[in-house]
Each structure stands twice: as C-alpha cells, then as structure tokens.
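Submitted below is the structure of interest, expressed as structure tokens.
Lettered A, B, C, D, E and F in written order, each chain numbered from 1.
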Amino acid sequence: MSGKPLVPMIEYEDANPEVRAVYDDIMATRKSDWINNFWKVLAHDPAHLKRTWEALKEIMGPGALDPLTKELIYVAVSVTNGCEYCTYSHTAAARAKGMSDAQFSELIAVVGKANETNRLVNGLRPPVDPQFQPR
Amino acid sequence: MSGKPLVPMIEYEDANPEVRAVYDDIMATRKSDWINNFWKVLAHDPAHLKRTWEALKEIMGPGALDPLTKELIYVAVSVTNGCEYCTYSHTAAARAKGMSDAQFSELIAVVGKANETNRLVNGLRPPVDPQFQPR
Amino acid sequence: MSGKPLVPMIEYEDANPEVRAVYDDIMATRKSDWINNFWKVLAHDPAHLKRTWEALKEIMGPGALDPLTKELIYVAVSVTNGCEYCTYSHTAAARAKGMSDAQFSELIAVVGKANETNRLVNGLRPPVDPQFQPR
Amino acid sequence: MSGKPLVPMIEYEDANPEVRAVYDDIMATRKSDWINNFWKVLAHDPAHLKRTWEALKEIMGPGALDPLTKELIYVAVSVTNGCEYCTYSHTAAARAKGMSDAQFSELIAVVGKANETNRLVNGLRPPVDPQFQPR
Amino acid sequence: MSGKPLVPMIEYEDANPEVRAVYDDIMATRKSDWINNFWKVLAHDPAHLKRTWEALKEIMGPGALDPLTKELIYVAVSVTNGCEYCTYSHTAAARAKGMSDAQFSELIAVVGKANETNRLVNGLRPPVDPQFQPR
Amino acid sequence: MSGKPLVPMIEYEDANPEVRAVYDDIMATRKSDWINNFWKVLAHDPAHLKRTWEALKEIMGPGALDPLTKELIYVAVSVTNGCEYCTYSHTAAARAKGMSDAQFSELIAVVGKANETNRLVNGLRPPVDPQFQPR
C-alpha cells in the first residue's frame, strides 16, 4: 500500500448515529469489539455502508452453504482478483471460522489450478459438451 | 462460441497409447464412459495432457476439503474470470457431486458480492488492519 | 453463448407474488412493459432478486452523478471485464438515456486507453507521486 | 509497492530533447510545473512516451464527453483492474477537474455493483435479450 | 457471439477517404486484400481508427523483438483476458508469421502456468526478494 | 505489500527432506545458491511444492520456444494480471536470460496495446472473421 486511503476513515467516536448503528450491528453480529478499516472508509456514504453491510450479513450467514464454505469462496475470488486487503481480511475470517492450515493449502491449490485451466480453455476454445447443458 | 476449437479435438479412437492411457484413467476415476472436450483439445500435447490431468486429479480429490467444496471453489474462480466452458463444466460437476439449487444460488450470490467488495476496496484503499496479520 | 442459462428463466406468469412484486417495480421504474433475462435467472432466489434490484435502483438513480454518466461507468466496467450480456444490456440502457454515437465512440476509446496504461504501470511500477495523496 | 520501478525514472534535467519536448507539452497542457512518475518510467522509450502522451491527450480532451466524465471512466477501469498507481493518479485528476466527495462515493458504488452483476451474469448465463440488439 | 456488433461495420466501398487511406495502408502493410472486422467497427471514429492502426503498426513491427515473438505475447494477453475475437485473430496472425503447432502448445502451457502461479502468489503473499530488485 | 506472507516461509535449514530435495533441484537447475520466497511459502504443502516445481521446470525449459521467449510470455501474463511479485521475479529471470532494455520496453508496449485492443473488441463486438478460423 503506497499511501493513505482515498477517503478519511471514520472512527466510531466521530460517527453519526446512522453509521454507529451499523458499526454496532457489525460488532454484535461478529461478537467482536472493533471495526475493520473496510467499513470505516465506506462510512462516508452511510446509505452505501448500510446497504453493503446488510447484504453481506444476509449473504454470508448460514444457509444451504455453511459460513466457512462461503468464506473459502470469498477468498478464492479475492485471490483470483489480486485484492490484497480482501485476501488478508477474508483469510483471517476463514481462520476464525475454523479453516485449518491444510484446508488453506488446498484452497490455494484449487484456485491456482482453476485459473490455469480457465486459460487453457480460453486458448484452445473447446465447444461446451452437450452433456454439460443444464436440465 | 464463434468457431472451431483452435486445435482439432482428438477422439479416443484416433488417440495414441499415451493419450488413451490418460483418457482411460479419466473415465475410470470419474466412473464415466466419455471424455469431455477439454481433454480432447489438450491431447495434442500428450505430456501437457498427462501433467494437467494428474495434477487436477490430485488437487480435486478428497483431502482436508471435500470434493464438493473444491468444485464450488472452481466454479467461483471460473465465474469471476468469465470462462464460459469452465462455468458449464464445473457447475455440471458440482451438481454431479450433490450441489443443490439452493447451494448454487448462494454460491453465485457470494461470488457476486466478493467481486463487488473487492472493487470497493480497490477504490477506497483502506490499509490492512493489524488484526488481520497472520500469526 | 453456447447453451442454456444455468437455471431456468422465470416468466412473469409463472412467478410467485414476491417475484412479481419485484418485476412490477422494475417495469414501473423503467416505464417499460417487459422484464429482461437477467432478472428472470435471478428470480430463482427471490430474496437475492429483491436485494439486487433494490440496490441497483438506489445506486443507478439520480444523485450527484446523473443516470447517463452512471450508465457509461457501468459499460466501462462491463467492457473491461468482457461481460457480453452486460455490454449489450448497459449499452442499450445508455442509448435509451441519450448516449450519442460520438459519446459511445469516446467511451470505448477511454476504456481501451485506461486498460493499456493500467498495464504500462503494472509493468514499469512507478511509485505513487506524493502529489497524488489525498488530502 | 515493494520496490524500485523496473526501469530508472528519467528526470527533466537528464532528459534528451525528444523527451523534454513531451514533458514540456504535458506541463503546458495541464498548466502544471511537474511531471508525474508514470511519464518518467515511460521516457526510456521516447517513441513510446510520445505516442502514449499524444493519444492520451487526444482521447481525454474535450469532445462529446466532458473531461470529468472521461476521468470518472478512467477511475472505473483502474479500480476494476486493481491498479493502485492508476487509482491514485486518476482520482487526483478527477478531483482537480471538480469531482465532489459525493460524486466519488457514487462512482465507487456503481463500479462495485457493476462488478457484482457482471459475475451474476457470468454464473447464470442468461441469453442476450433481442431488445438489446443494436439497431 | 450472441448478436450484432455494437456499431455497424463500415465496408471499404462505403468508407470515406480518411478511412479508406487506413484500410489501404493495412492491406499494403500486411500484403493482403481484405480488412478484418476489428477495423470495420473502429471505422466509425476515423481518428481513433487511424491512431490505433498507426500505433499497432509501430509497436508490432520489427524491433528488438521479432514480429512472431510479439504476436505470441499478444496471444498470451488475449488468452489471459478471455477475449475470443482477439484469440482467434492473433493466433491466425501468429500462424501466418510461422508459429508451429508445437510452439502454440507451449505458448498455451506457459500462459496457463503463469496464470496459476500468479494466484499462488496472490494467495500466499511472499515478499519480493531483494535479489529481484532492478539494478 | 502490507504485511507478512499468509503462511510462514520455510527456510532450507528448517525444511524436511522432501522439501530440501525440491530446493536442491531448484538450485541445481538454476545454477544458483538461493531459493526465492515463492518456493518458501509453497513449502508448507510439500506435494504441491514438488508438483508446481516439476511442472514449471518442464514447461519453462527449452522446447519449440526458447526459454527467453517463454519468460517474456510469463511477464506478459503477470503484468496483465497485475501480480507484483511475479512481475519483479519474472522480469529478473528474463534479464538473467538475456533480455535487453529495448526488448523489455517493446514487451511492455505490446502488453499495453493488447490490453487496449482486447477492450475495443469487448466494447464493439465484431464477429470473428471466417478467415481466422483454424484449418
């Protein structure tokens, strides 16, 4: 990181009530006592902060996929895109949800291999097999 | 797909023994009786075919992560990269390994959201929180 | 496009009330009488459909940036990512909001040039000038 | 940024006449008295420096789109690609051309949302609606 | 390809003199008697057509790297980005410049492997070794 | 780089025999006396380390393409993807294999131009010319 964030970070004590309500919900949901920097830079646009947090809470919560699997998927996307902050934060989140060292190694190996075969396909251009068509 | 694959596809009956051995192992491993087009375009370079298949078999087999989870990660990468063939083939593979409609919906939702927040981070550039540093 | 969508498309007449309410709002907001395929594939997950539409409506509506400028930005991202459906649909939306032929030509030229200089930077790695740091 | 640029930066006082002529034109066009690092690393290949600057000047100047709109598009591409230098430099340029805090927030929100829906499309693969075909 | 190009293609017989001059130079440079579709869609913006062709001619011509090597690099980028038209057109150009089947296979293998290890690096985040710093 | 690698780096003296064997082969193949950080983070998964190294050695060795050309292709992919570590390490490797300053400049110019025209194609969507179809 070569510099400052592109907007100042809004700390809890400087936040307006709308932002504080989101910060409180983040900490309550995560059973933690701090807010990470991602939310502090979003807080300049309180409506965007609220919408992003609420969508994320809904999407990443328990469902047909368990929260750890969702976190692994998040890391896979972040690594593919080369997003440094996202890789650190979602790897930490996956560890907090129980990801082992061996699981992390396998995750990275799968992400690497998928990025490789995606390009073998891009370069050789096989047609989609009829057997892969959805029902 | 606007055209033919960039190299001819090698069918089983036209394959040399080295390629056939790989094709046989693919079908045996997958308990299937056909070879999908990805392997047929790779087969022009038998050493590359063999290396790619063996690495994939090792990486995607059971381990600390179960095969369905690995397949979901593969789809996540393929969707992020916009690889059409890969999205069809790995979604079909995930379905064959038991992915439900609800799991597919959640997978796509997580992939979409991760791609969004990756760019919020790229645009606002928050510093990595010290709490996210690995031990 | 090599095949069918990965989930069936849900038409208005087959939609449940939750989905229909979103479809109705889309048509009312756009003053149109049809629903495009993007929403029909999302409709398998009604909560995701609703959340995506509501966020999009809020983000793309009038604000500090006018709707046409937002649509141009949407096209720029879609072209950079190589998303075919998105390029067709958002170019059509931009035209509907008044984009001229000359504006479209300039948009594409800027997107091309930005993708070029992004890679000149990636390859030569100049440090960020202190003058570019935010206040 | 982990290190030095991959080629030394050429300062004005060390530049040959061909490079100086470009530097002079950059400063005259921008009504500024300094050259940012991007040009200094390009200057090792004076023909490439000249060609890149002249194309950029032509593309980013006033036309059917105003210079601020073009700069917003440049930021959108740079953020999508994750180019740090480009994000800092073009955000600074957009601010210099009048971008407000609210416009920057909306820009980032649109870029995030476009990156999300691009992947929802990649994952669900709806066909392009006939209504979106160009005339 | 799901549809028509986003702007009509301008054929030689319908082109204005400025566009025809570029078309003539393309054919003379390539010693061919036809114009490929890329140029025909660019031709709506004659200044952009001319600038793009002249830069491409200069960059892809003989220099410290031979034209075939440059064409291989072009394919590598196009495959990494998943650009279908570009992959077909630059693979054809590389074949015309002498690329053998074996060279094409190796090119694709290198591109695949680079895309894989790029993501292993993104996921594990090793620091840049001091030995890799440029002199 | 904002922090520590996501797994500890395994130094030669702390490596188990399986990892040491790979490290020894890397140094013997490269005729060098040190191991770069990429391999040290991979070494947590010795099977993955061995597989990745052996594939890389095979793919990057002499063949129908010479090792320098392969290295240039590797840099082209790494620059397109914006992978900082990869850009530094493969540029250093290319220099060690004889890449001149002029060749590096031309490489970067080609990569930039390919990334630009890839997006002009994505935005204008010309159909693939029949002449580009493979035989």
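We adopt the following convention: contacts are C-beta pairs under 8 Å (C-beta built on N, C-alpha and C of every residue); 3 or more make two chains touch, one makes a residue touch a chain.
What you see is a predicted model, and the numbers here were worked out from it, not measured in a lab.
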Intersection of contact sets, subunit D vs subunit F, gives A, B, C, E
Taking shared residue numbers divided by all residue numbers at the interface, is the value for subunit B and subunit F over half (same) or under half (different)?
same
In terms of C-beta pairs in contact, which of C-D and A-C ranks higher?
C-D
By CA centroid distance, what chain is farthest from subunit B?
D
Note, CA centroid farthest from subunit C's centroid sits on chain F
Measuring centre to centre with CA averages, how many angstrom lie between subunit E and subunit F?
21
Taking each chain's centre as its mean C-alpha position, how far apart are subunit A and subunit D in Å?
27
Approximate Å spacing (C-alpha centroids) for the pair subunit C, subunit F
34
Scan subunit B for residues touching two or more other chains and write them down.
1-7, 55, 80-85, 87-88, 91, 102, 105-107, 109, 111, 113, 115-118, 120, 122-125, 127-128, 132-134
Touch-based graph of the chains, sorted into line, ring, star, complete or other:
complete
So, in the complex, the side of subunit B touching subunit D is made of residues 75, 79-80, 82, 84, 87-88, 107-108, 111-113, 115-120, 122-125
Complex contacts: residues of subunit A adjacent to subunit D
1-3, 6-7, 44-45, 48, 81-83
Over in the complex, which subunit F residues touch subunit B? Could you list them?
2-8, 47, 51, 55, 58, 127-128, 132-134
State the interface residues of subunit D toward subunit A in the complex, per the touch definition above.
1, 82, 84-85, 87-88, 91, 101-102, 104-106, 109
Complex contacts: residues of subunit A adjacent to subunit B
1, 3-7, 9, 34, 36-38, 40-42, 52, 55-56, 59-60, 63-65, 69-70, 72-74, 76-78, 80-81, 83-86, 88-92, 100, 102-103, 105-107, 109-111, 113-118, 120-129, 131-134
